[in-house]
């Protein structure tokens, strides 16, 4: 058994690298959104033509990014959604809802401060972790039955 | 043609009342989550037993609320998601993602300040409005073909 | 047994009225798109705000109209798609493809001149008619088993 | 992450070759309909027996071609639909509707003259391009996060 | 609880009437195909135009009848398929397979002589009866919990 | 908003009556399996013919009961599954799994002694109750937003 | 593009071998039911225990064969169903209905004598052939765009 | 043709090894839940943090195990569910119901003592076996058409 895992959410810390590094040796294919913030914001207009209006500038980019996001979630067995300390991160919660409606196994990763605000998202999850290393341990256990320690 | 419309999101202003009042006379059944903040937070423990741990207190409530939310979205033709000025409102974004994955027609309602942060949510919508009255006008047009003015 | 029938396509002749009039007395609920050409073109900007760029003007309108179209096709047992003599009518062919993918029973209505150009659309249909009266007779037979004459 | 991309629509210019050539090195499997116009028109009768009536001649061919088209769209992550300058091209719009109803990511490729006539098709798309090279750049960005230039 | 029941198959005996009469007083909506043999054979050409070729004559009729059959099976909770003593009755077996793939509850009605030939069809059924009265008793039990006698 | 609620599981105590009585006045349609133990065991052979082998005797009955059970679960918004003190009750757990796979909102009702043995079933539920009155309170809250006391 | 093709129906002539031989060199994976008539009839009792009653003997076998048949059809892009000159062949028509309901591309293979009796089955097909060699030519065209001759 | 087979249920005897050993040489990928009883019970708290309450201890573990179970069943063509002599084994029956609702081919493995209690589960199965070697023979027959002896 192998797993496809989509890593959604925060792009300002190295949580994805921690998970991918920690999962070395496990039969997992990781997929992520484009995490280059500028490229992600500008991809629509850079390819399909400038928009003077910021709303449509954003819109064109969000649509192009959706091609990757939808594919990543559709192919995933497990969707990990990370909420960082800062920003609204509504796209992360949107991905979580999207994944939940498709019946994907959801793992949510966030600090204890966000517990109350994320209670509806956590309620749709099969695991709620505070550290990337815990996500790795969940994935390792799912694939191999081995517990840490 | 009638419509089932689910009204998701912010519970601190009267936007739901504005829409329901404005839509008087249209063949629409509106469904909303429980908008009594305290009841919504405490429903799990009030019915199913106390939890000393705040996380499980929240969890039990979120699960019970999910019975209503899932039914409301599943039955809806149109899901309106309102993002207010304050708070994280991750449950609103979660509902938007959930509705989008089920192929529901999505209308997003928020002020211009949130345009960039909500660009992925807006990109999944068929209409993005700033005022509840615009949502009413969209629903009126969809049902009757009549434009305002 | 009753039927929900969605009437898609050409808006410049009275074919919808002919079908609805001819089907008087049958247990059919007809749904149509908004057929007021100007309202249909302008609904997006009239409700959700002006767009200086014609492309986004059109886009906003097409999105709002999609709320009605999707609902109409989703609820339909039978989708009738009419191709008139003039114009590109790509939205009619789009609706036909959309309905076919959802497994709806498709009736295509067009003159003999369009047979070759519409062969892929006709190949997805359960009936291909040249006259609105034939569509009425198909619906009458489906509901009552009665043939004309 | 790799992509299956179905290339639907116009068969009289070399836009497919431009995209396939431009995408050299990317992990993409392209599928196209049969683009030999005569073979596509005659396949039904050439294999399954002559039809004196042109309608059934066309019909038998369209049905056989549908085996390939449905497989191509069903397997696709992304469906690119090209509308050329000439002809009705209703099969292209039909494929776009079919792909949209299946939740495929849709990229529409057409010149600016067709914007108004294609507004409903464009409204279902995640990207609207005027040049094959733009389609290549979208696909490259989706797979690698790299923007042109 | 009420039931929608589709009555498929043999049209040369009065088994449908026996079931419908026997089920008087139960909350059941029965739907049947058109059972007028001539109308069923000729509906396509009578409405949509003559065909000199018998194959296309039959084909046009079968397509029109499929509008009713698909609706009837799609709406059904229970599909009863009757195989009589005579004829090939491949449409009955086709309906049974169609219903089985959609997860409908299948009741097969046939005499003991056909047991071996129908073993694959019976294996997909939840009840196999020899007499219409047994079908009535199954439906009565399902709705009311009452056994005969 | 109204609810369809299927009451699955134990048939030896009056928990169904307690819930139905307690829910008087709420917009709920309750559906239950046939709870007459003898009728449920014998329905297959009583209607469709005796079987000397006890296995096939049971099998025929289980198949007939499945017509009602599947319909009840398919139509339900909420499935309540009760595990009593005695017996294996594998059909209750089977119904819970069946309902979970269909995305139904699951409420599990059992005493504290069964917590460990039912942990996988409880993990698929949105509410776990010990008393029928708690199920009533959950349903009341879901429909009206009102908490007890 | 490769194809999975399921070969359903008649087991008394060598039509499967003709198709598989003719398709040498094409990227096709063929799957067939077990075509050893005795093994197919007796597999249930040979493995799972004798049944004195012929009906249950047949039933057990049909259920075991269904494991293979369902897998074969579920995995197939194209389902070819052959009706021979003799026997009822209701399992072939059942497979055709099952495949049609799943949206598989259906090719029906039968002689001209069966045209009227198979008109409902043919109406669900994308190709109707009289000879195995025609099926090969359809598959070759679908995969390569090449016509015979 | 190869098969994915999920082995659900009892973890206290070596039935899985018997099946896997017996099936050597067949094109089958077997997947099982984590069968280390202690790891399975404790995985939630060992990775995601201690819970003083036994219910939540169990719950966290059951949720993590569900990631593997859902993936295993979702990928399976055949789900084998084993009921042993002892314990409640409600998770086995839950898996059987879950698999049945997804349309998986179900094989149930249990001794004759459990026939009556498992009649609803057996009624959803395509094969009911008493010995692991019979499961192997079913799988061998499904893949190769070969009967034992």
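A, B, C, D, E, F, G and H are the chain letters, set down in written order, and residue numbers restart from 1 in every chain.
In this text, a residue touches a chain if its C-beta (ideal position, glycine included) is under 8 Å from a C-beta of that chain, and two chains touch if they have at least 3 such contacts.
All figures in this text were calculated on a predicted structure; none of them were measured in a lab.
Taken together, chain E and chain H share the touching chains F, G. Most remote from chain F, judged by the distance between CA-atom centroids, is D. For the self-contact between chain F and chain H, the two sides draw on mostly identical residue numbers; the shared fraction is above half.
Inter-chain centre distance (chain F to chain G, centres taken as mean C-alpha positions): 40 Å. Centroids of chain E and chain F (each the mean of its C-alpha atoms) stand 31 Å apart. Mean C-alpha position of chain A lies 49 Å from that of chain E.
The set of chain F residues touching two or more other chains comprises 63, 66, 103. Considering their complex, residues 31, 34-36, 39, 42-44, 46-49, 60, 63-64, 66-68, 70-72, 74-75 of chain F touch chain E. The part of chain E that touches chain F in the complex is made up of residues 1, 3, 77-78, 103, 105, 107, 125-130, 134, 137-138, 141-143, 145-149. Here chain G touches chain E in the complex through residues 54-55, 58-59, 61-63, 65-66, 69, 83, 87-102, 114-124, going by the rule given at the top.
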